[in-house]
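Presented sequentially are two complexes of subunit A, the first with subunit B as partner and the second with subunit C.
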Partner chain A sequence: MTSSVLECRALTKYYGSTMALDSLDLTLEKGRIVGLLGPNGSGKTTLIKIAAGLLTPTSGTIRICGFAPSPESKALVSYLPEFTYFENHMRVRECFELFRDFYDDFDETKARDMIRDLGVSPEKRMRELSKGMKEKVQLVTVMSRRSRLFLLDEPIAGVDPASRDYILNTIIRNYSEDSTILISTHLISDVENVLDDYVFIRDGKVWQTGSVEALRENENKSVDALFREVFRYEVR
Partner chain B sequence: MKWEFNGKGPIAAQIVLLVEQAIARGELAPGEWLPSVRELAAEASVNPNTMQKALLELEQNGLVNTVRNTGKSVTTDTELIRATRDRLVEESIRAFLADMKSLGLDRAEVSALMERRVS
Partner chain C sequence: MKFGKLFKHEFKQSFRLALPVYLGIIIMGFVACLSAVVFDRTVISGNGNEDLAGFAGMSSMGTLALSLTAVGAGVVGAWILNAVRFLRTMTGQQSYLTHTLPVTADGLLMSKILCALLVLLGAVIAAGIAVFCVVMTFLVLESTTPIRDLIDAVYSLVKALTDVENLSALSVIWSTLGRVVMLALGMPMLLFTAIMAAGSLVQKRKGLLGAGLFLGASAVLNFISSLAAGLISFLFVNSQDVYETMMVSSSMVNIFLYLIVIVAGYFFMRWIITKKLNVNV
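Moving on to the complex of A and B:
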């Protein structure tokens, strides 16, 4: 029996002849907020999509709370994609109904409370909302499940600072000791104070992992500073 | 309360200092109830485990008390609060004097400078 929420062993993914994940090993324990950090094209989204059960690995294994990708694993995973998947014509209420139909663990009362705090009517259509508000509604929906693993792909990309604060606060308020939250981003300085651990990924491999506070304690260094050192040739 | 962090040093230690300062200047009053760890973490935009660790340290040095099943509150020990303020003042002065020394000022010059500034 394992206590890890996510476990990848020699996980490999090719798109045709292009390698996206190169025998990647990664273990995430429960109760952690983890940053998946790496330059563009390093494999972040591919890893998240495999964990969400949307892509099949070419080889290697992945387990979510011990389950291989399957309806069982999908029931434990809440996934926020990089790009919105709610249709423009959908009302906020209908997005909630969709989640209620798909997921037994969706807490609609909680979602409605959070939407009310945002000042958004459940009758609003997605196309009537600003980009920032759309992102928030989608995050609220995803975070209103009682999942074991939350996969958030670039949740703060392209939003203003106030929206960014709202999104980070929503993540913190919904954090539970039984679940693990994996946040992929390249905006490290914006999220690093929220993280327990960092995972640097590069060329489809895990390059370095560690505790954010231990890095500050032992090396007096922020994750942002470390990232710039490690990836100094790639960061432009 | 304003939560501002810098890139150096553990966040937990920075939280401890900010809370100590707020208690020392009375912004957090003796006996005042604190929000939950999760709420404080959200307010400060920091990791909940880090906030928990900072509060534990504040408990250990007696500035914060935990009442079981109720929550956490600021100490009512005014003697301890005064001693905390004295310690923070002392630390600031020491850091300031070290800075002045690194700029080549001796104690008499600093003293004369302060005299003019404060009066």
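Moving on to the complex of A and C:
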């Protein structure tokens, strides 16, 4: 099995005449927590959606553990979108059952333990939960898989600081050395401490990549400071 | 086996919504029966008070008409439920879950089409029960010995349905039934294709255009194949036998074309899911 979990070569995506990804090349190795960082409209969500199988690229290739987007690749990817995708009438228990049925790597016991810690009954319906609680239930469900690649699209956007801590702790607690976590966010200072690597993306291209630790040691900079420096003139 | 699991979840979620509709259809059927009884007792049997009979008769007939309309609306409602569910799970927010499940496009489509057909079949059965009850109520009300007349009525109905005097008439019945069945099978496919094309392609205008062209072409095909034989017969043929033969053969062509449209629709949706999927909520 290849050690690269995600491999993109000349990945291009157009929405009509608008280019979202411009011949993007990127390789992610296993066992890393990677921040996918860039200004609005830089192509972060498009890249994540292509990797999750929600969009088909216009050209170029993408491989997840050697597989092109397919049922095989989807079985290895755990995707958390920006909003909740469970049907409102579903009970929390039914969300778990759905994941248990379709994903062999779903750990239902872990999910039930985490949901108990949140104080949510498995019999509760999604519509009975607050927006924040729905997002947490979805995060718990997604992170209770032993996936090779976790794709988290803006997991801490629009939540209060306490919830941010809960979300980041959940991500770190469920991280294993066999998996890679790709986190897309604008809130760099909040996630910086959990990141191993960063990927700056701009106008659909990878602008800069590197190790967070190396950046701190060699240039004595934080990722947040570097981001501000790189994207100083980026006004959208 | 992922198809079994897909079907299980789809069936559970679809019938959770459809069961109240079925119940509503059957209740409306009973309301119609009750209205028929009230009408019979107040107008047909008479009670000596003409004003009361007139008022009760009008209101009971109104209720009967409304409840029978509601039975039909229930079947249409089952259709709408299918369409809305398909739209939400394939192109709406929930599609982010649907399209990230590790399942094939064929499994996904087949589970949805099969469940949609079952939901429709359920609605048709419920409506059939409701209408049957109303018909039987009318038949029974005409007699003084309800049980014996009920048996007679069922016997007459079965006899009327099976006592076909010649092959041409039988062929016409079968061709009509064939058209109805093909319509029932084909419509979910056409509907889903339209929604899929409209909602999933990147450029919405192109998607709508594609859906419009597909539906338009299938409607034209259907129209031509349905009417061609009748028009030719009307203009050029005087023999009844030839006319009936043409109607039967046209219905076969009609069914064949419909099958082509269904298969084309299936592969069109499959192509969108595997090659052109663009879920953007």
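Quick note on the criterion: the second predicted complex is superposed on the first by the 233 of 236 C-alpha atoms of A that agree within 3 Å, B and C clash if a C-alpha of one lies under 4 Å from a C-alpha of the other, contacts with A are read in each partner's own complex, and residues count from 1 in each chain.
Methods note: a residue touches a chain if its C-beta (ideal position, glycine included) is under 8 Å from a C-beta of that chain, and two chains touch if they have at least 3 such contacts.
As the structure is a computational prediction, the values presented were derived from the model and not from experiment.
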Partner chain in contact with A:Asn220 - subunit B first, subunit C second, else both or neither: first
Subunit B versus subunit C as contact partner of A:Ser59, first or second or both or neither: neither
Subunit B versus subunit C as contact partner of A:Leu168, first or second or both or neither: first
Touched partner set for A:Ile33, first subunit B, second subunit C, both or neither: first
Footprint overlap on subunit A, comparing subunit B with subunit C: none
Subunit B residues within the subunit A interface of the complex: 5, 7-12, 38-39, 41-42, 45-50, 53
In the complex with subunit A, residue positions of subunit C that touch it: 2, 5, 8-9, 13, 16, 88, 93-97, 99-104, 202-203, 274-281
Residue ranges of subunit A in contact with subunit B within the complex: 31, 33, 165, 168-169, 172-173, 175, 189, 193-196, 212-213, 216-217, 220-222, 224-225
Footprint of subunit C on subunit A - complex, ascending: 14-16, 49, 52-56, 71-72, 74-75, 77, 79, 81, 83-87, 89, 98, 101-103
